[in-house]
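The following blocks contain the structures, represented as structure tokens.
First chain A sits with chain B, and in the next complex the same chain sits with chain C.
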Partner chain A sequence: MTELPADQGAQALDVPQPHVKTRRNRDVLIALAAFVVLALLPMVFSSKFLLDFVIRCAAYGLFATSLNLLIGYTGLTSFGHGMFFGLGAYGFGLMMQKTGVSVPVAFVATLAITFVTALVIGAICVRLKEIYFAFVTLAFQMLIHSTILSWVSLTGGDQGLRGGIPRPPFWGIDLSNHLHLYVTSCALLVIGLFLMHQIAQSPFGYTLRMIRDNATRASFIGIDVWRAKLTIFVLAALFASTGGVIMALFVSGAYPEFAYWTISGEGIFINMLGGVTTFLGPMVGTVLLLILNDTVTRLTEYHGLVLGIVILFFAIGLRKGLMDFVIEWYAQRRDRRGK
Partner chain B sequence: MLEIRSLSKSFGGVKATDNVTLDFADGSLTAVIGPNGAGKSTFFNLITGALTPDAGQILLNGVDLAGRTPPEIVRHGIGRAFQVASIFPSLTVQETMLAAVCADQRKASVLHRRFPLAETRDRAEHAMELLGLASKRNRTAATLSHGDQKLLDIALALVLDPKVLLLDEPTAGMGTEERWRMIDKVRELWEKQKITVVFIEHDMDIVFKIAPEIVVLCYGRILATGAPDAIRRNEAVIEAYLGTEHHAGAAV
Partner chain C sequence: MTRTRKPGVSRRATLAMMGAGAVTFATPWVARAQAKTIKVGMPTILSGRVAQLGTSSRNAVVLEVEKVNAAGGLAGRQIEMVIRDSKGQPQEAARVARELVNTDGCEILIDAEASSGAFAVHEVARDLGVLCIHTNSETSSLTADPKQHIPNAFRTARQGVHDSIVGGSYAAAIAKAKGLKKWATCSPDYAYGRDTTGEYVTYLKRFAPDVEIISESWPKLFQPDYTEVVTKILQAKPQALYSCLWGGDLTSYIDQANIYALFSQMEVFAVNMADYTALTVVKNLPKGIHSGNRYIKTYPATTENAAWGDAYKAKYNEYPTNWSWENATAIMLLAEASKKANSADGKKIAEALRGLKIKSPFGADGTVTMRAEDQTLVGYAIGWGTTIPQEPYVPQVQAGDWKTIFELEAEWKKSKGYA
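Let's look at the complex of A and B:
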């Protein structure tokens, strides 16, 4: 289940030190290149629809990739990860509407709120075994959702945060300008993915893989399993929350659906679509789901039915996500050539 | 010096470990034998923190480790391998070793550097050489043979440089020839590393040939301790244990 077994795994380990630096530099280059390509996209295709699509990909992609840090890397299947997406959207939206602080301050404050919330919820949840962990995270999601619904004076209840989110310009960036919002979302996406990839490839990332494979054995080589799980739970929450901030800026509001359990469900669905054994699987899954969502909603009213069939196809037909499939196919082809 | 003092553990009515007092001298090699369900694994589980003792002390160089968690106990220098090989199926042999050294150097939660850390390489390499796994470094653990998985499990304990190494049936599930190869390896490791080794073993031929010290457990109690010759002649042992399985051999 290690990611990229084909070209990155074992062989690269033979010559550690000089290699390690090049790998980091290569990642920086890839991230920069990805950002430049995304940022130049509007010059080639100026369609608002495309830019909107990329912004939504940034929001959901950060969320889904962070969920994969839990599911794919650590073996923690959270059914409630969407609560941090909702928390990000509401935290940021409220901060901007009620306090009049600048955008960067509101962003950092939102991450701080998420940090504390995730720490408390994580401390309760990560001790629990599989299905209990899944359901207690789901329970916390429901709790946050119903708090949002019932605290009408603060959150607007089922109407959501309305009246738009003010966004005073900062550092020469004006987020009420659609292009600025687009480029900022791309930057957040690329930085977020870069950081999460660094986490996955760090010594801590391998600690997570050990916990996923055999938590008992991990504790017998001196790893504090509970602490490691809590750490990744909180880190993943921060990235999910960032996704929520992008979403709040995109729709200029926050709605209870952002914190509903279906968001968590979509996150898991995205991971099934794209696959959890590669780092970029969830990103691919995000693009697939959003395309599916957009086309299916336009073509038919039986939107849920079609998505259900697609899930069944991936779960029962392929038994893996698209990226897992591609990687496996590629490895097989390479092996055949090698012979 | 590992000193066990009045160690006890019950499961419901079953006394799995019953008032056990034992010393393991530094650098000793001891075999623990006993019929199925005698409490051998439980004894190891208590020492390594997998189970919390009901009573008693576990003193390693004078420090009481009873009731501490597995990570704490490992860091004090008691490593173990399991009756059923306990490994990380999706990691390669080399990744397993590197990650273990990382944990031992308290770098398991480092976020800003890339795995593997250069300073973990020599120790990982050494452990792979010691157990003859170097040529299989790039194999994922799940694809290894049963015997190699047992070796990897032992390597995982050994790479942490323990003072005391507890091996729960290193030869479990092996054929005769493979058993001997494994037990020679254990003896070789003991001689090279100069650490305290305690191993559980069912095969009497192996035990009497290899172990300078033997502990016999039965129903959670110590039935006898001593050198192979003394154990072989011990009435209670013949009665309770050898009598059932090795009667013919013992009579000769």
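Let's look at the complex of A and C:
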């Protein structure tokens, strides 16, 4: 993973307190503008491909950005974050198929299930550091994946949840209409990113950065490191789960692959591509990976080779994610001009 | 006065680029409106452990499409195949299928996905209403379960339950004749392995009630070492062994079991043995393994079938697989249905497909039928025989009886609550 020297955090540690309100207002405005732009896209481009692309970006983007809250902000490299993506997809799919509740209820219930699961798994995992943390999260992921595979009567085993996910209309939104699904996914993405940005910019977010840089120092000044780590672990799980819900709606089903380690691997890959030192890095990474994936699989079946070369370029060539590179290049340029 | 150009991208260039972008996104729609060819999309697995599934499906489809195009295409429109890899991931299969229809303008889908991928593509077909033919998924519920049923989806593959009925009755006859009462099973640990074995045992016991299963082994899919499984079976000392291992798993298993001389100690029933993917790869193919036919060019023993197998071999320098005939059948049916409907329109072809009976090299009686009620293929060649170590590998195949299959299938559907 990209090393994070202490003096080069996600944002420089300028004490942000006095401008909290104005900045939050600015964030709200940016979020609203982003949503309006996304929502208006279908009017400009009639391409359904674009809609599919943005929906998938929303699913993977929420997942990858939430993973960055752990990796980039807290220094917790989770190899098992995909389990919450899978949990979201299965929780939502099963709720809709078996109970017949409305979409918002199923969504909230899925988040509740994720909350409880993440709390239990997190309580065990966040006591550990570095590689031990990584591997225990991976172990839990495999546990959840195996459970999905073997609990055939509930989950359908390796065939996945079949028969489609019913989606009765609610509040005038009909998710079986692709345009409605698109706008809803955009809304979930923008709200998710907005909330995660608020978390990252809050005093709690700065506590996380301190834990990342020096957990011992943090605990010496009175921070309950375990509790802070657990809180962010659970919060990140909720956003990953939301990504899973979007994916389940997109494919109208849930499959064991959603909870497999390869999904976690893709999340880490996205973070490496986009960069972990900026908030929007993983989002940029998501767009990059999906464009790469979609274009390369169109052209060749040896896409593994191409993606491998790309990651080598980022890992050995740039030695950082794209956004990290851009930000650094911009800073250097500004400094040079300043002189 | 001279104007100096500022460095960077000019407004005009930006506008041009945005325009180009818009055109890129809008192009497929223009292309579709003017298309004279008909595009047929095919998501399949072209990379990873089961890439052979995708490549042998693609080969067969290309072979058949060439013939259809030479004969004038679908109602005068030449077929253009757009074949794409899904990596065996259901979410990719769904994405690729949507992209093929929405962006590439494909009007028909050949879904050459395995297991969960087929269900993911099925949902895309449900959503988009596009004509879709499942060619590789043998999971019975895909067409048997009325909840899955959509008017625009068909299946041209074998079905698990058909295999089990024929396999069970064949094995029961031999069990009675040879007095085989103690049986062991050894199948891969996933839905296909568990379901197929369960159904096989059900029908075996139905036809031979005194059969007893004394040992079950469930090796993992793609397991490299079968030593513990082989020794476990040998210790249980069964008189007969059933297995639905397939492809590389089956060949590794046979190679390793040969070391322990397992095949001389019991009768072995391996449903997926009689496919060239397994027959030609095993180092020392033991004599006398009972197997269901997957694809062999000698069964059905007709000149049409032999010619088809040889044509495939001549073109690709390898024999076709079980997946090959299933995909070839999809194209043959499409061509016939289009001729019957005199149209290349998906809805009209679907209408014509229901109940359509065509001549086929792979039919039990020289024909196969797309059964109208559940839109799945019936009447294909299905039988069991024993192996010999060299070509033709399975010289005598005992045909399954479709009348019995239909009766027991109807009963099975009732027991599952499908009918």
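Assume the second predicted complex is superposed on the first by the 321 of 339 C-alpha atoms of A that agree within 3 Å, B and C clash if a C-alpha of one lies under 4 Å from a C-alpha of the other, contacts with A are read in each partner's own complex, and residues count from 1 in each chain.
Please note the rule applied: a contact is a pair of C-beta atoms (placed from the backbone, for glycine too) under 8 Å apart; a residue touches a chain by one contact, two chains touch by 3 or more.
All values derive from a computational prediction rather than experimental measurement.
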item: Touched partner set for A:Leu40, first chain B, second chain C, both or neither; value: neither
item: Partner chain(s) touched by A:Lys48 [first = chain B, second = chain C, both, neither]; value: second
item: Touching partner for A:Ile316 - first (chain B), second (chain C), both, neither; value: neither
item: Partner chain in contact with A:Asp213 - chain B first, chain C second, else both or neither; value: first
item: Interfacial residue positions of chain A with respect to chain C in the complex; value: 44-50, 52, 56, 149, 152, 157-160, 162-164, 176, 178, 247, 250-253, 255-258, 262, 294, 297-298, 301-304
item: List of chain B residues in touch with chain A within their complex; value: 48, 50, 69-71, 74-75, 79-80, 82, 86-92, 94-95, 98-100, 102-104, 107-118, 121, 137-138, 140, 156-157, 160
item: Chain A-touching residues of chain C, taken from the complex the two chains share; value: 22, 25-26, 28-29, 46-47, 51, 84-85, 87, 89-92, 94-96, 98-99, 102-103, 115-116, 119-120, 122-123, 126-127, 139, 141, 145, 147-148, 190-191, 194
item: Of all residues in chain A, those that touch chain B in their complex; value: 1-2, 9-11, 13, 16-17, 20, 23-24, 198-199, 201-207, 209-210, 212-214, 216-224, 227-228, 231
